[in-house]
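Below, chain A partners chain B and then partners chain C, in two separate complexes.
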Partner chain A sequence: MTAVTAEDRTARTDPRTPGLPRLLPRTPEDLRAHLARHGRLPYRGHPGLLIGDVKAAGLTGRGGAAFPTYRKLAVVAQARGRPVAIANGAESEPASHKDALLLRTAPHLVLDGLQLAAEAVGAAEARLYLHRGASHEVLRALAERAAAGTDRLEVTVAEAPPRFLAGQETALVSRIDGGPALPRFGLPRVSERGVGGAPTLVQNVETLAHIALIARYGPRWFRAAGTAAEPGTMLATVYRPDGQCTVFEAAIGTPLRDMLPDLAGTQALLAGGFHGTWLAAPRAAQLTLDNETLRRHGASLGAGVLAALPPDRCGLGEAARVARYLAAESAGQCGPCFNGLPRIAAAMAELAGPKPRSRTRQDAERWAALVTGRGACHHPDGTVQFVRSALTVFAPELDAHQRGRCSASNRRPFLPLPDGMPATEEDWV
Partner chain B sequence: MTGTTAFWYASRATGIVALLLLTAVLVLGLLITRRGKLPGLPRFAVTGLHRNLSLLAVAFVAVHVLTAVLDTYVHIPLLSAVVPFASGYERLWLGLGAISLDLMLAMIITSLVRGHLNRVLWRAIHLLAYVSWPVALAHSIGSSKDLQHGPMLDMAIGCMVIVSLAVIWRLASAARQVPRAGRVADVMARHDTATRYTATRYGRTREEARR
Partner chain C sequence: MVDYQTRRAAAGSQTLRVNPIACTGHGVCAELLPELISADEWGYPIIDPRPVPPALEAEARKTVAACPALALRLVRG
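Our next item is the complex of A and B:
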């Protein structure tokens, strides 16, 4: 197992972009330090007033879907009923550590954002959704704020089970309503009918932290970093080929080489995490950290995981391990997902081994096409995206396996994966 | 066969093919549970086959209806294809055909826009299949004299038997369903066994694998 310790997850910023870091302080900040740096909470005094600023800033969701934040705010604000505002800190991708680091070092920025977003949509309740055993810093921050009286809405904490899909919006709503963290079909949307039937705003904690900054410093300041299409900075969890894991705060549009200087010498880059895309290293080294560029190559940023696979590992082996994990994390609700993904994972396991049958690759491709778009949530589609790009990028390795050879000299797993798989209903609560 | 009877024959032929296709679609629909499986087809491919066959069946039904309307031997107004009991000829049996077609259209249209629909609503409408198919069968037998005896009647009875068996299978499989949380583990264990078997053929010996 690759050692990815808490010490490795240090925050780095690109020194060439002025004004960075915006989100991540060098050391965890308590309420006093936070207020000294950023000043008091700029409540707008009335629902809806902040939404224009968020729109002008061009902020997009940092949980993975990159949906324009103002549109979510506007829909929830206009929906019938008193909304619920939820900060989603259940970072469920095993390879991503940016939300955990943000909640540890700048919890007050996230909680400011939650209060401001709640005010913007006229929310009657605010929740914070976290994994069990989440950093005590954020819980201490909540206590500090309660004592200081900074919050207009009391924030209650809800616990997420350690499941890959636990942070999915509809799964989150189900969990907060007291049920298991299972996704449901997309309609009616959570923004119209979510927790307890009320319109529900679910925002990733990093998105909320950006809202807190936009409310204070304005859209123009926000747009000083990033590209015209995707303004601002973002947090990215970066795995260097030596296995070291670092969380960066970088301006969107930063060349990937700046975060991974030895990228060209690696084998391939996994962009966007386990629902993401493998890119051949020479091509990836030319790319920049933004969806506009990545989408031209069939990839996207997702929740900002970038992993550069060193040349001495077997990409197919890595892909097979992840495919198996993703299959095991299927919620078991939609037939194409929980019948199809284990089958695809078994095919990947065969392809990662010696002398796979020649038809197994075609089978995997065919099954991948059959499960796409057939789930209540994005899980089968995301998994297929990962598997297909692996089959494309590691095609030469696949040819070698068919001849009975594997180019890897290092058998240790590279990408981090949790042990065990869910077996009972309790594992989803 | 003359020009005047061509439409009539075409209508009869497409009607019978449509009935067989609709029977296949209904049976596949019944098989789409978490355990449904056809030999040589992955479980999740049944869905795709169900969908493609249903679109094909609709095409046959469309030709069946149009040729019946175009046939000049008896007058059937186009409107009666969708408005029940609007035809003077065989009012009851053609009326059933129209009902069945309307229900089919509702199912097809809601399925085509399923991504934009409430899941519960889609499912409720899809359950109309259990009304649409028997009504279509009654329409077939009632409106066609030669479906009432001989090999054609055997075929109609065969369709009923197959559908009944599929319904029984569906009810039985609902009774022995694996609890949700255990399903993935169940499927993975099955595939792991398959993978191990593969490993015995490529690389390891059977004795090693057995250990």
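Our next item is the complex of A and C:
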């Protein structure tokens, strides 16, 4: 397990998992340092050839959905037309910082992965989708590669608006096509018809960095870390109860307590981020960093956010703040989401305050059930997952609020939210 | 919403699907086909995910044609 914090960029290596860190170098690497460490890009010389290695490695997408990467590659490679390959660096979850850190410290690993994935699917174009004001390291890395002639495909940068759904796959395609970053509905999938109607491969930047390593060191090396079902390492953004935020590179299956030693003494763990799941702390302290384990408890890794809420905060207050943010981040395209999420958020705000009406919890539960599965994208479902698990885990606090008491002694917000709320239509482009 | 991309049903059967982005909540569908469609408290349709029974297929087709937003479809499976 390796930790990199904003203050301390010195990577520490856990002796139990040799060979870590894989992704995060001790200091940001320019092209020369990167090539000295990893050697030249191992182009395979022909489309398709890398896909078998990615399959044997068992790599899954690190953007949140944990979909088997080789299947996406294979579908795009076999689709009709010349594909477009896109590196998705629009990390839109306010609590997640792992992609930004990766792009800052190991941009060449991501860009290697983009070139290799593009070759694997036979892509004619490559794009890098980033938030406005993204790290200048990655832009400098692109310039270094252009000067050195490392890349076979020129990479065009596309800008993502500062919205929660900007990195959603269909929203990304719409944005790159020149439209707003709004989710689309239905078939065909972007793997068959995406950007400009071409088959489109969208991979999270961390996934691409793993591909760059698998291409060099092979599937057996990749599987030396992680579990049999979920091989490899992953980046996780971890919030300790004292509020300190650290990005870890950890083998999948690592005990959560290794990253959060005082987890058992906290109130609850938010696993997976704002579309994730609250878990009671005593239970969370027994779990490991893998979907196989977390799913048994109704949770999942998502994009790797873990936040341990300290005992002095109000979990309902935290949930209400995030619910309000998520309601504001609805694209407003689908009736149930547009109508339901603001109502759910208002109910959560009331439950977070003193003496909520007794029917407010039932209202929240009813609206949660009503919006589930009825959006073009996953946003209502993810929001409901977050809200429902909060109502379950913070049920004792809810009882206290109904009696007019709140157990929190610290009113400072814990989970990070962007300053101000997006308000205008232009924010989508 | 049932995952329509992976769902498998008996051969030849059809299911109603709504495009939630196109749907404007007119409520015509819930009025015409209350057996399979109800309106939520905001007027948006809640659709029975099961295959349309043969006895209702003609009604279902009429309802699809009547949607002012062209948001309702009958899909195989």
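As a working rule, the second predicted complex is superposed on the first by the 413 of 429 C-alpha atoms of A that agree within 3 Å, B and C clash if a C-alpha of one lies under 4 Å from a C-alpha of the other, contacts with A are read in each partner's own complex, and residues count from 1 in each chain.
Operating definition for what follows: a residue touches a chain if its C-beta (ideal position, glycine included) is under 8 Å from a C-beta of that chain, and two chains touch if they have at least 3 such contacts.
Because the structure is predicted, anything quoted here is derived from the model rather than measured.
Participant: Putting chain B and chain C on the same copy of chain A, do they fit or clash?
Facilitator: Here chain B and chain C cannot both sit on chain A without a clash.
Participant: Between chain B and chain C, which makes contact with more of the residues in chain A?
Facilitator: Per-residue touch count on chain A favours B.
Participant: Contacts for A:336 in the overlay, against chain B (first) and chain C (second): which applies, first, second, both or neither?
Facilitator: both
Participant: Under the stated touch criterion, which partner chain does A:196 make contact with: chain B (first), chain C (second), both, or neither?
Facilitator: neither
Participant: Just checking: does A:353 make contact with chain B only, chain C only, both, or neither of them? Give me first, second, both or neither.
Facilitator: first
Participant: May I ask you to decide whether A:39 touches chain B, chain C, both, or neither, giving the answer as first, second, both or neither?
Facilitator: Neither chain B nor chain C is touched by A:39.
Participant: With the two complexes superposed on chain A, say which partner A:185 touches: chain B (first), chain C (second), both, or neither.
Facilitator: A:185 sits against chain B and chain C alike.
Participant: Per the contact definition in the header, classify A:375: touching chain B only (first), chain C only (second), both, or neither.
Facilitator: It touches chain C, and chain B stays clear.
Participant: Could you point to the stretch of chain B, among 7-15, 43-51, 79-87 or 187-195, that collides with chain C in the superposition?
Facilitator: That would be 43-51, the only stretch with clashing C-alpha atoms.
Participant: Across the two complexes, find the residues of chain A that touch chain B and also touch chain C.
Facilitator: Comparing the two interfaces on chain A, one with chain B and one with chain C, the shared residues are 184-187, 333, 335-336, 339-340, 370, 374, 376.
Participant: Please output the residues of chain C touching chain A within their complex, sorted ascending.
Facilitator: Its residues touching chain A are 1-2, 5, 19-25, 40-44, 46.
Participant: Please output the residues of chain B touching chain A within their complex, sorted ascending.
Facilitator: Spelled out, the residues of chain B in touch with chain A are 32-34, 36, 42-45, 47-48, 115-119, 179-185, 187-188, 190-192, 194-195, 198-199, 202-203.
Participant: If we count contacts the way the header does, which residues on chain A are in touch with chain B in the complex?
Facilitator: 184-188, 324, 327-328, 330-333, 335-336, 338-340, 342-343, 345-346, 349-350, 353-357, 367, 370-371, 374, 376, 421-425, 427-428
Participant: Mind listing the chain A positions that touch chain C in their complex?
Facilitator: Within the complex, chain A contacts chain C at residues 183-187, 189, 333-337, 339-340, 370, 373-376.
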